[in-house]
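I'd like to ask some things about the structure below.
By written order: A, B, C and D. Residues from 1 in each chain.
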Amino acid sequence: MTDSIGFIGLGRMGRSMAANLQKKGFSLLVADLNPEAVKALEALGAEAATVPEIARRCSVVITMLPSSVEVEQIAQGADGIFANALPGTILLDMSTIDPLATDRLSKAAAGRQMTVVDAPVGRLAEHADRGESLFMVGASDADFAKVKPLLDAMGTTTYHCGPVGSGGRTKLVNNYVAITLCQVNAEALALSQRFGLDISKTLQVLLGTSANNGQLRMNFPNKVLAGDTSPGFTIDLAHKDLSLVVGAAHAARVPMPVAAAVHESFSLARASQFGGIDFSGIADVVCELAKIDRPRVPEGWKPS
Amino acid sequence: MTDSIGFIGLGRMGRSMAANLQKKGFSLLVADLNPEAVKALEALGAEAATVPEIARRCSVVITMLPSSVEVEQIAQGADGIFANALPGTILLDMSTIDPLATDRLSKAAAGRQMTVVDAPVGRLAEHADRGESLFMVGASDADFAKVKPLLDAMGTTTYHCGPVGSGGRTKLVNNYVAITLCQVNAEALALSQRFGLDISKTLQVLLGTSANNGQLRMNFPNKVLAGDTSPGFTIDLAHKDLSLVVGAAHAARVPMPVAAAVHESFSLARASQFGGIDFSGIADVVCELAKIDRPRVPEGWKPS
Amino acid sequence: MTDSIGFIGLGRMGRSMAANLQKKGFSLLVADLNPEAVKALEALGAEAATVPEIARRCSVVITMLPSSVEVEQIAQGADGIFANALPGTILLDMSTIDPLATDRLSKAAAGRQMTVVDAPVGRLAEHADRGESLFMVGASDADFAKVKPLLDAMGTTTYHCGPVGSGGRTKLVNNYVAITLCQVNAEALALSQRFGLDISKTLQVLLGTSANNGQLRMNFPNKVLAGDTSPGFTIDLAHKDLSLVVGAAHAARVPMPVAAAVHESFSLARASQFGGIDFSGIADVVCELAKIDRPRVPEGWKPS
Amino acid sequence: MTDSIGFIGLGRMGRSMAANLQKKGFSLLVADLNPEAVKALEALGAEAATVPEIARRCSVVITMLPSSVEVEQIAQGADGIFANALPGTILLDMSTIDPLATDRLSKAAAGRQMTVVDAPVGRLAEHADRGESLFMVGASDADFAKVKPLLDAMGTTTYHCGPVGSGGRTKLVNNYVAITLCQVNAEALALSQRFGLDISKTLQVLLGTSANNGQLRMNFPNKVLAGDTSPGFTIDLAHKDLSLVVGAAHAARVPMPVAAAVHESFSLARASQFGGIDFSGIADVVCELAKIDRPRVPEGWKPS
C-alpha cells in the first residue's frame, strides 16, 4: 500500500485531470498507450508505470478511457487491475460508459474485496484544463470520503448521486437533456430564421420565459450563434453519449421517442460530415441541410 | 372615434385581461357568446355591445378567440370589424393563431386603411388574473406605441418582436421550446426513475449544468413533481400549440423531427385521456404508459 | 335537369379524366381557370360553361381541385354549385381533401336536398391518361349506382368503401401506407448500401419474404433503382398527402409516430430541393444527404 | 476429421433445426445448457458432447445462440471451438447477431485456417419445425457449397447473399422492413378504426394498391386481425432485432428516423407488458394505448 494514485488514460480530458492532481500535490503513477502523453506527465513529476505495477502500488486507481471495452479489459484482464491490486483498492472509473458495465465491474471487484467508484466528468475539456470540472459520483459513503480530495483537485463541483453506478446513470440523464436542448434550440432557430424573425429578438424572448435553457443561454451565443463551431464538445461525442442513453433506455424499458429522434439527427449530422464541429453547431447543420440561412447574432451580442 | 376600447372574447384568459383593463381606467365595450362572461365585465363598469357597434365606436378592438376561424369571421364577416370600423382602427389580435391567418388579416385590413397588431399572450391564466402576462407583439412602431399602454395594463413584460405577424411567430417558436422541454424532462425523469436514482439528486445535478431549463426549474418542482397536475396550461392546449408549430413549420419548409415526435407524444397523452391535466403532467403520462413509478420530490422540496 | 355531366377542375389529372368521359359518350360541361385546358376539352366535344350554369344544367357535378379551400368555395360560394343546382344534384368530389371538409360539404348539401359523393383517385396521372385509375368511393348505395358508370369510364377499379366521407378517409389510410413504404425502403436500401451488399441480392431476399411490398416490387425497380426519378407522383404531392394524414390523425386522436417521422423526412427532402422528383426518389435523397452511394440495379433488372 | 456435424444451441428454433438434420441422415453431436433439450435430440439418435469434443470431431459446427456474447464465448473461449478444432473447420453460425461480431469471428477464424459462414434464419419457429426455414447466407463459394446440403435439410429457401457477414447484414435489412411493416399497418388500421371505416373494406383496398405488403397480406389476417396474438414471433424478439438494426445503422452512419420511431414504439409495447405477444399484435397495442377499438376482420375472412 502507498500514497500514490494510479491514473490510466491520458487522452484530451485525462491528461488535464492528471496534471491537476500532480500539480496539487498527489504523486501519480501514470499509464497510456501514447508515450507523448506519458512524457508530459513525467515532466510534471509523475512516474510512468505498467498497469500491474499501478495496481500493486496504488490504493486508488483512476481510469479515464474511451469506452466500456477498454475499462473492462484494463480492470479484468490477466494483466489488469483486479488481478494485481490489494484488497481495499478503489477503482475510480471516470470514463463515460454503459452503466451495466459499471455494475459488472463492481460485482467483479466485490469478489476480491475491492470497490468501484464511478465518477464521470461533466463540462468541457477546457474546464478540465483549469481544474473546473464537475463530477457525478456513485460510491458508498466511505469510498466517497476517500476520493473526494482527488475530485476536489480536479474540479469545482461534485455531486454524490448515490451508490456505485449512480454517477454514470446520472450523467446519462444529464447529457440526454443537455444534448437534446441543442437539437431543440436548433429546430427553434431554424423556424425563427424561416419566419424572417430577428434572431436577437427571438433569443431575448426565449431567455425570458420558461423556454429558457442552459444551452441557449450559455453555449449558443458564444459558439454557433457567434459563428464559432470549433469544438468544445463535438457532435461525434454527443452522438456517442446519445448511443449510451438510448441503449441504456432500451435495456431499462424506457421509451424515449425524443431521444431517438435526436439520435438520428446527430447521426445524419455525422454522416453529412459535420461530426467534428461543436455540438451547438447542430443548429448550423439543421439549417444547412434544409437550405436555411445560418442563424447569427451581431458581434459582441450578450443575453441581457 | 372614441376613447373606448373594444374587447371581443371573454374566455378563461380574455375575461381576466379585460377586467384588468377596465379596472385600470380604460372604458371597455365587450362582446362574447357567453352572457355570464359579459355580465361579469358589466359589473366592473364595462358596456356590453355587438361586434358592429364595437367596430364603429372603438379605435382599438382587441380579439381573444380560440382559433383563426373565429378571428377571421369576426374580422372579415359581413357584420364584422373591418366592414364597420373607421379608417385608422387597430385590430389588436391577442389570440394564438396560424401566422398565415394573421398575414391574411393584415392584408385585408390594409385595403381599408386599418392595421392589425398581433400580440399573443405568454404565461398562464393565473398570471393574466394578476395582470402579470407577457406579450409578444408584432406591430409597426406607431401601432406599438398606441397599444403599449393597453398591454401595460394587462401584463408586466412586453416584447416588440418586429412588424405585424412577428408576435405570433415568436410565440410559436417560444412555445415549441417550452412545451418540448416538458417532454424532454419527462423522458429524462422516466429514465432516472427506472435507473433507481433519487429524483431530488438528479434534479440538483440537472439544474446545475447546461441541462438546466425553465420548465425543470420553475414548473416541474411546483407541479407534477409535487403531485399537482391540476392545469395551469393543459396538455390539450399544448397539443393545439404544437399543431400550429408543426403546421407552420411544414408551410415554411422547416424539418423539425423533434417537434413531430413531441406532437405524437402529446397526441398519445390526449388519446389515453390525459388531455385535461397540466402539461408538466406529461412526465406522469410517460411513466404511466410505460409502467414506471411516477417521479416525485419530497414535500416542500425546492431547487437549491 | 339534363343528361350533361359537369366537370370543374381540368388540371393534370382532371383533364385526362374529363377527356375519357367525353370520349366514352358522356356530354360534358367543363370549367377551369386555365382557358387552354378548357379549349382542349372543347376540341373533344365538351362545352365550356360557368360554375352556376354547370350547377343548373347537370345532375352530377364532378370537382377535381387542389384542396378543400377550392372545393368549399366552388360548392358553397354565392356563385357556387349548391346555390344554383336543383334538388337531387350529386356533387361528385374527386379531389384529395381533408375528410372533415367532406363532412361539412355533405351536411350543407343535405340542407338543400342534394348529396355528396367523395371519390378520390388512386394511381398516377399516367393511369388517368389511359382511363386506368382506381377510385375509393364514399356514397349511399343509390348514389353509388348513379356515379358508377362515370367512374367506369375513367378507371378500371372502383371500391365502394362506405357512406360519404369513406372514400377520402380510405385514400388517406392507403396513401399513408404507400408513401411510408417508400421511406422504409429508402432507409433499408441506404443500410444495404452502407453494408456493402449487392442491391440486387438484397431486393431478391426482401421480395421473397414478408418484407415484400408494393412499392419495392412495382415502383422502385422501374424508377429510382433504375436511375429514373422523373415524377409519376412527386415528393411534394406525397408531402401534401402526409399533411392531410397527420392532420386528420391529430383531429381523430390517433398517435402515429411513424407517420410523423416520414412527414419530417419528406419535409427535409422538399427543403433540400428534391420536391419535384418522383416519391420513390426519397431513396436517393436519404442517401444523398448521408453521403451514401445511390442504390441502383443493373439495367433491365427485374424481380424474379 | 469426421462426418459428424456439431450443433450447439438447442433452443426453440435450434432444436427443430437439429431434429430435421438428424432425421434427414446427418449424424449430430449436440450441446446445450439445458439437459432436456439434449435428451430430446439423443432420442432421435444424436450424440451428446462437450464443446471441445464437438470442435475436435466435426468439420462443420453449427451455433444457434441468443446473442453475440454467447457466440463469441463458445467460439473464442479457452474451451471453445477455435481453440480445439482442426484447420479447415467451418463455424456455421445461424444466430442473429451484430454483424461486427461476425466480422471479428471471421478474422479470428482466419488466423487458425478456419472459416465462418453466417446463415441466420428467416421465417418463424413453426417453419423451422417443418423444415421450411429460409436462410440468408454469407460465405465463400466453396463454403457455401459445403453447407448447402445442411441448409437444404432444414429449410426450403436459401439465399447466398455474398461473402461472410452478408447473411446477417441482409437479415437486418430484411427484418427492419418486415417489423416496420407491422408498425405501419398498426398505425394505418388505428386510423381506419377511428375513421369508423369497415376494416375488411380498408384491407381490400390496401391489398389492391402499391400499399400492399407481406405483413398485411400474410400475417395480419391470420393473426391479430383474427384476434390471435399468440406468438409466432414475439414483440420482444422484434425489439431485439430492431436494437441490432439501429445499432448497426449508427455504427455504419446511416440515419434511419423511421427505424428509431418503430424501435421506440416496440419499446413502449414491451414496457406496457405486451412483449410476449405476436409482433403483428403491435396493432392491438397501438389501439389499446390510444383507447381505440381493436381492429378485427369477420371470422374466416380472407383477402380476395
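We adopt the following convention: a residue touches a chain if its C-beta (ideal position, glycine included) is under 8 Å from a C-beta of that chain, and two chains touch if they have at least 3 such contacts.
Each chain and its UniProt protein: A, B, C, D = NAD(P)-dependent oxidoreductase.
A quick note: this is a predicted structure, and the numbers were derived from the prediction, not measured.
Asker: Provide the labels of all chains in contact with chain A and in contact with chain D.
Answerer: Under the touch definition, chain A and chain D have B, C as mutual neighbours.
Asker: Superimpose the Cα trace of chain A on the Cα trace of chain B, which carries the same sequence, then give the rotation angle to the nearest 5°.
Answerer: Result for this pair is 180 degrees.
Asker: Please state whether the interface between chain C and chain D is built from the same residues or different ones, using more than half shared residue numbers as the mark of same.
Answerer: On the two sides of the chain D and chain C interface, the residue numbers are mostly the same, over half being shared.
Asker: Just grab the chain with the largest centre-to-centre distance to chain C, centres being mean Cα coordinates.
Answerer: Most distant chain from chain C: A.
Asker: As a quick test, compute the distance in whole Å between the mean CA positions of chain C and chain D.
Answerer: Centre-to-centre distance between chain C and chain D: 38 Å.
Asker: Would you mind pulling out the distance in Å between where the CA atoms of chain B average out and where those of chain C do?
Answerer: The computed centroid separation for chain B versus chain C comes out at 37 Å.
Asker: Suppose each chain is reduced to the average of its Cα coordinates; what separation in Å results between chain B and chain D?
Answerer: Centres of chain B and chain D (C-alpha means) sit 51 Å apart.
Asker: Please set out, as single numbers or ranges, the residues of chain B touching at least two other chains.
Answerer: Touching at least two other chains: 249, 253-257, 260-261, 264-265, 268, 271, 289-290, 292.
Asker: Classify the inter-chain contact topology: is it line, ring, star, complete, or other?
Answerer: complete
Asker: Note which residues of chain C are touching chain A in the complex, please.
Answerer: Of all residues in chain C, those touching chain A are 257, 261, 268, 271-273, 289-292.
Asker: In the complex of these two chains, what residues of chain A are touching chain B?
Answerer: Residue positions touching the partner: 99, 122-123, 134, 136, 157, 159-162, 166, 169-170, 172-178, 180-181, 183-185, 187-188, 190-192, 194-195, 197-198, 201-202, 204-206, 208-216, 218-219, 245, 248-249, 252-262, 264-265, 286, 289-290, 292.
Asker: Which residues, counting only chain C, touch chain B once they are in their complex?
Answerer: Touch residues, chain C against chain B: 239, 243, 246-247, 249-250, 253-257, 260-261, 263-265, 267-268, 270-271.
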